[in-house]
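Each of the next two complexes has chain A plus one other chain: chain B in the first, chain C in the second.
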Partner chain A sequence: MKHTGSHITLRHDLAALPFLVPFFAVFLVFIAYPIIYSLWLSVHQVTIFSDFYDTFGTMTYVGLENYARILTSVQFWWAVAATFIYAVLTIVPGIALSLFLALMLNRALMGFGLMRSGFFLPHVFDIYVVGIVWLLLYYPGSGLVSQFIATLGAAETARDGVLDNPYLTLPAITAAMVLKNAGFGMILFLVTLNNINPSIMEAADVDGAGKGQKLLYVTLPLLRPIILFLVVTGTVGAINAFAEIYAMTDDTGGVPVEMAGETVQSARTGGYHLFKTFDEGRYGEAAAVSFVFMLFALVISYVNFRLLRSSD
Partner chain B sequence: MRTPASPPPLPPTRRSIGLRKAGRGAIVALLLMLLLVVQLPLVWMLVTAFKVRGTAFQLQFIPQTSLYTPGMGDPALPLPVAGGEDILLHFEHRDRQAGSVDLLLIDPAGERFRHEFRYAEDGLWILTVKADVPGVYLYAIELDGEEAAPEAVSAGQLLEFGLVEGLEAESGSTVSNVDRPDLLVYIRNATLTVHVRGDEGRDHELLLAGTRLTLTESQSGRYELQREITVPSDAAATGFRLVERRSFATALADMYTTDNFRAILTSEEFNFFRYFINSLVVATSAGILTVLICTMGGYAFSQLTFHFRDQLFVLVLASMLVPGMIFMVPQFSITINLGLMNTYPGMVVPHLANIFGLFLLRQYIGQIPRDLFAAAEIDGASQPQIFQTIVVPICLPIMLTLFLLTFVTQWSNFLWQLIINTGDSRVLTLPVGLQQFRGQNTDEWEMIMAGASFSIVPIAILFLCFQGYFLRGLAAGAVKE
Partner chain C sequence: MRHHLLFLLFPIIIIAAACADQRRTDSDVLQVWHPFNPEETALFRELVRDFEERWQEQNGQAITVSLQYVSFDDMYTKLRSAALAGITPDVVFMDVNQVIGLAFSDALLRLNELDGFRARYGSIEAAREEFYGQSFDVGVVNRLGEVDLYGLPVQVTTIALYWNRELFRQKGRELREAGLASGRAPRTWEEFEEYAAILTDPERRTHGYGAHGSLWFNLPFFNMYGAEFVEYDDLGRIHPVFDSGNARAALRRIQAIGTADFEAGAWRTGASPEGGFINNRIAMILTGPWMVESFANAGVDFDVSLIPAPSPEEIDQLGLQPADPDLVDRLGPLAYSSSNLGGQTGVIMRESTRADLGYEFLEFFTSEEIQRRWGSRLGQIPVRTAAWEELDTSRYPFMPVFIDQLRTARRVPPVPRYSTMDGEIFTPQILMLLQGRLGVEEFAGRMDRLMRDRMLDSINRAAEAQQERIAGR
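On to the complex of A and B.
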């Protein structure tokens, strides 16, 4: 640091203040305060839900009751499990596909730049709108994907539609998301591949390493930070997943399934579960749900941070 | 550059070059196939948006200039030769492959007959009836027992024979959904008679035993042909086909249309033009304000000194670890308490403190040579002047990057825009408008896809024009991690 603490005067603070006020005004009101407010909300219960513009008007302190309720609810634990399934089904194939694309497209051939743009393009589209297009593609019986599935011989699956099959709701949604977001991981991999010092590869050549060996022992370890980054963003993405589930299940959360004596929806992941809890006016419970999921996210971030450290 | 220590590469043999070329071709083919799969939603959305209503699920994309009845792959229909006063009816109903089609016939004497059509093939129903009492017949077609009101027809003058579209059934339902008009073909007393109803201004031909007979349009949409022919001995075996010829442009217009776009742009209830403007306002203002706020903050954090600067920055960065969903309930509460429900600011303001943007700008401004700032300070420039004359001009490229990233994010912020607007909001954005539209028009897929295009196409164009700026932001994010 060029300036030590002793040099900083009030004059410095006053000069910096106008530049900081806009950011911190929004930050305090809409980011910092909400975290605390959320904690406060999670130990309260809304008692009156009649006045739309004063939904948060009357609160009663209920202690940890909200947490106790969600931690003993089958719905909540299924949301955790569904989020986990969603995460696995997006992260693993997502990384595999983007890594494959990056390795294939990492050459200066004519048209490859265009292909890179083409693979990346869907990533910037609106998730809800893309979800609606997939709803048409997956339409039972007559949608393009259904007709394709029918030609593969699975006539019954095609007729009922993959999204209405409790075992296939999540895989169908995640497949669409993997295709949409593969370009994102691909670009990150490509940036790193381009930054690999050519002398490392030459050294490997000198040592007589084959193509496969170079990929396994040189390239992949260098790409490890990106893989870990994709795992973490993928996990947070799975927790926040909402618009695609809302779109592709028609705001139902999927097919109702009996589980441990309660009815759950086949694609009701954390983000969607939170929205539903919120939508039903159970604000305190919704805040508690979001806090528990934040804990999960923090643990995963911490584990990832340790993994990154150990690789250095 | 190869180091001198590396062994000289072996000269490639012709065989290995050939193999490499084949391998590269296979990879390119695989990549192109994958690209098609990845782009499938975009392609499908566009194709469906331009299709005529009700044809979203038909897997046909190239318009055909000739329509054959029956289709070219199917055997030709036997030519009916009627003896006496027999009438043979061909009733075509493409959508109808099952069920029952009955003809209710009332002869001039007032006697009622009910005849059942026999299903031939490809949506074609056939019936031969005797009409030997001279005079006017009344007829009606019944679909699955739903009787239509009788129509008048004279024996020997069979022009009106067939299904009348939109005929009110006695049970109250409307007989409609007829894909193609009726078709009547028969030979009686060595005279071939053909009556067809079709769209106006098309060429109709009958293919009979290798000869082409052109039908003349007697009235609009009504085609007929009457000609003496020698009846072939095996008349029943001689097949005929009816051909409807259209120009390619007409065929194209029969399959694709811009009506879907016109409909959603002029709709009273779901006006996508208004949704588009709302999305544009929300995304643009969020982009501009975010860039301004983050550039100011980024400047302060990288070039200015103040108390707790670094601690404050770490604190801000740490809040990036909190998943977005935790903010939803409190932000909703704060926003409605500020009276910002159903307003542009309600959609824009809560997302302006973009931490990634602050980080991006701080990094970028940190790379500006300090000498520039020192020189400006010696010249007596104030902080706002330095910000205006040095920071902003140098940062324009990264500011554009942040603008674009913010624009795209807020253009697609479905969840927040859904909960902060009520159904009657004047400021509904594209995704929420589409959601409302779909709620009311579940199966109008062609129009839904036209609505979807309003969200997707502008973003695609924006990305293709500025992709370097998009990817720069990504690369910065990757290096950070």
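On to the complex of A and C.
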């Protein structure tokens, strides 16, 4: 029997098919279908009179009305702004702290292994549990953080609690998250630092570079892929931030503030806004919100990618 | 290769089996979802066994009541998932605030259309006479202009004033010097402010009062001052009516005691009035009977009294009326006190295959005899007023106070989206009021606008569309 090359390739491809089916089945059922269904949902409206037993079957088609409503909503744009603030306050200090810890612990000294584990441990804990612990630390008046703030002379802020100050709610939540997640970034940086070829540093030494120059011109550029990874995952994390907001604001979204004549909650980030919209049964609007945020995430990730790659 | 295909088919078969129609066909089983705690569940199981036995004796038919615990917070979500899969239970005991929303989305059976109900009561009004009226009204829903009964009250609760006897004793001399008794709670809000100020001691870090920030805990003030949130027109459309002199009077009271130096800041994020009360840091709080055991176990020396009432001048000025005029002789000015209403309502799901049995189960559970048993064993207030008589309260000394408080209470505002009303509209505004960033007048006006913009306009539009759809059929 004679086989041609194309026949063999086709047979190989066909043989691979059964092995691909499980993945495609899972992909179609759990990823592709929900995305397409969400898109369909975003152009429909569920009302309080929609049949409880056939909610999605009795929805009404509203075209782009859901998108128009959210794009003219003060609450939505505040959620976008709060997400941006959250992202800046978690990504920048988070990377800086992770890098600082990695540089400090990147040596083979006694006890450093234990410290690395210690810094990494909070990352393993459930985000809701961490949120509750920090809620106690921020407890008005008697919480550890409140007492510390009182010693600094800010008695009123200490008495009311930082979470009840509209300007401090988001920074307080992000500070907790930065400390929780710094260990993860530290591990990534440590792995990369350990993989830097010593000869590169030796060459820098020969060229007369000081410690600061080596860090700025040699180490940091080599760590850029990790920084890019942390920026992209941090951006997605900021857009999805929910459990920490839920836990640390008693499910209020934070202390209310005035914004363009409307009342908005100071820590109502995108993820929390999406949850509340969904929780109120506004499924079509919630789907539209998720698509707009997905668009933001794609654009921001692309810009990050281009910016960090263009300087290579 | 055939084995490979079988291996691939296996998960598909499993998924298909899971998605298959699981609707129960066994007509002798009544499925009941409830959110009762372990102590309540133990008694509930006893009662269910009694019901099964009685049913068999009376009808010669063996039945099974299958109980399923679903946590209070998850009830609505699980019910929604079950409805979409077509596997809802027959009977559900659900939070009073969820009944209207479910009635609007046509999830519940109209009890007044069942033969059992018609035979027993004849009309909704006649049935109301036998139950605690405010609690019964929760199940009476105006849906698109049609008023029907969608549920019976199965558990009722309210909040009253808890006061720390130890902190009152510690300040006994100062209280007496001010002409106040240290062995009782304040009866009017003016008196409350005097007590709270004396009970506040910065050196001991104690406060006279700890306020809650949510709508439910602030409803006693609005009920007491006769403020309404919404009203229904003949077509079933809902209109905001909050902005009134009564609502402003209630807001001024909330503001006065919530921003005073004697308030512990308990409404702030992360803080809790109950926590301060347990730690002997807060002398007076408003909370419900479910906290009695926790406070007693924590060794707090406390008592429970009726929530203070407005002053006689305020009563005259605003033309306030007591919820139960019969209380005036016995309680005097305290009859003008008021509180809120919580608890559970028993409903029958629309797709129930045993609505008749479900209704009989609800009747059994809410019967005078069972309610008296339930109340005496668990210290809970019966939903049928006849069961209030001869109730054994020996193990629950505060129960008579809670029953009196309940007589003064009023139902929660009949809005279909209570959680939106609370979390998105009321609570943010009240927090701003307590933080001093919003005035009473602004609050009152804003509430009507927000209720309209964020909730009622869309509901009314949907109601009109629904009515047009029905008319077109």
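Rule of thumb we're sticking to: the second predicted complex is superposed on the first by the 275 of 312 C-alpha atoms of A that agree within 3 Å, B and C clash if a C-alpha of one lies under 4 Å from a C-alpha of the other, contacts with A are read in each partner's own complex, and residues count from 1 in each chain.
One rule holds for everything that comes next: a contact is a pair of C-beta atoms (placed from the backbone, for glycine too) under 8 Å apart; a residue touches a chain by one contact, two chains touch by 3 or more.
Source: prediction; values computed, not measured.
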| item | value |
| --- | --- |
| Partner chain(s) touched by A:P140 [first = chain B, second = chain C, both, neither] | second |
| Which of chain B and chain C A:H12 touches, first, second, both or neither | first |
| Touched partner set for A:A150, first chain B, second chain C, both or neither | neither |
| Larger contact residue set on chain A - chain B or chain C | B |
| Touched partner set for A:P122, first chain B, second chain C, both or neither | first |
| Partner chain(s) touched by A:D160 [first = chain B, second = chain C, both, neither] | second |
| Touched partner set for A:I239, first chain B, second chain C, both or neither | first |
| First (chain B), second (chain C), both or neither touched by A:V255 | second |
| Which superposed partner A:L307 touches (first chain B, second chain C, both, neither) | neither |
| Chain B versus chain C as contact partner of A:P22, first or second or both or neither | both |
| Common ground on chain A, meaning residues reached by chain C in one complex and by chain B in the other | 18, 22, 29, 53, 55-56, 136, 139, 143 |
| Interfacial residue positions of chain A with respect to chain B in the complex | 1, 3, 7-8, 12-13, 15-20, 22-24, 26-27, 29-35, 37-38, 41, 53, 55-56, 101, 104-105, 115, 117-122, 124-130, 132-134, 136-137, 139, 142-144, 147, 176, 179-180, 182-184, 187-188, 191-192, 199, 202, 205-206, 225-226, 229, 236, 239-240, 242-243, 246, 270-271, 274-275, 278, 283, 286-287, 290-291, 293-294, 297-298, 301 |
| Contact set on chain B toward chain A in their complex | 2-3, 5-6, 27, 30-32, 34-35, 37-42, 44-45, 48, 56-57, 59, 292-294, 296-297, 299-300, 304-307, 309-310, 316, 319, 321-334, 336-337, 341, 349-353, 355, 358, 383-384, 387, 408, 411-412, 414-415, 419, 430-431, 434-435, 438, 445, 448-449, 452, 455-456, 459-460, 463-464, 467, 470-471, 474-475, 478-479, 481 |
| Chain C contact footprint on chain A (complex, rising order) | 18, 21-22, 25, 29, 47-56, 60, 135-136, 138-141, 143, 159-161, 163-164, 169, 248-252, 254-256, 258, 263, 265, 276, 279-281 |
| Touching residues on chain C, where the partner in the complex is chain A | 1, 4-5, 8, 11-12, 15, 80, 83-84, 86, 88, 101-102, 104-107, 144, 265, 268-271, 350-351, 416-417, 419-420, 423-424, 427-429, 431-432, 435, 437, 446, 450, 458-459, 462-463, 465-466 |
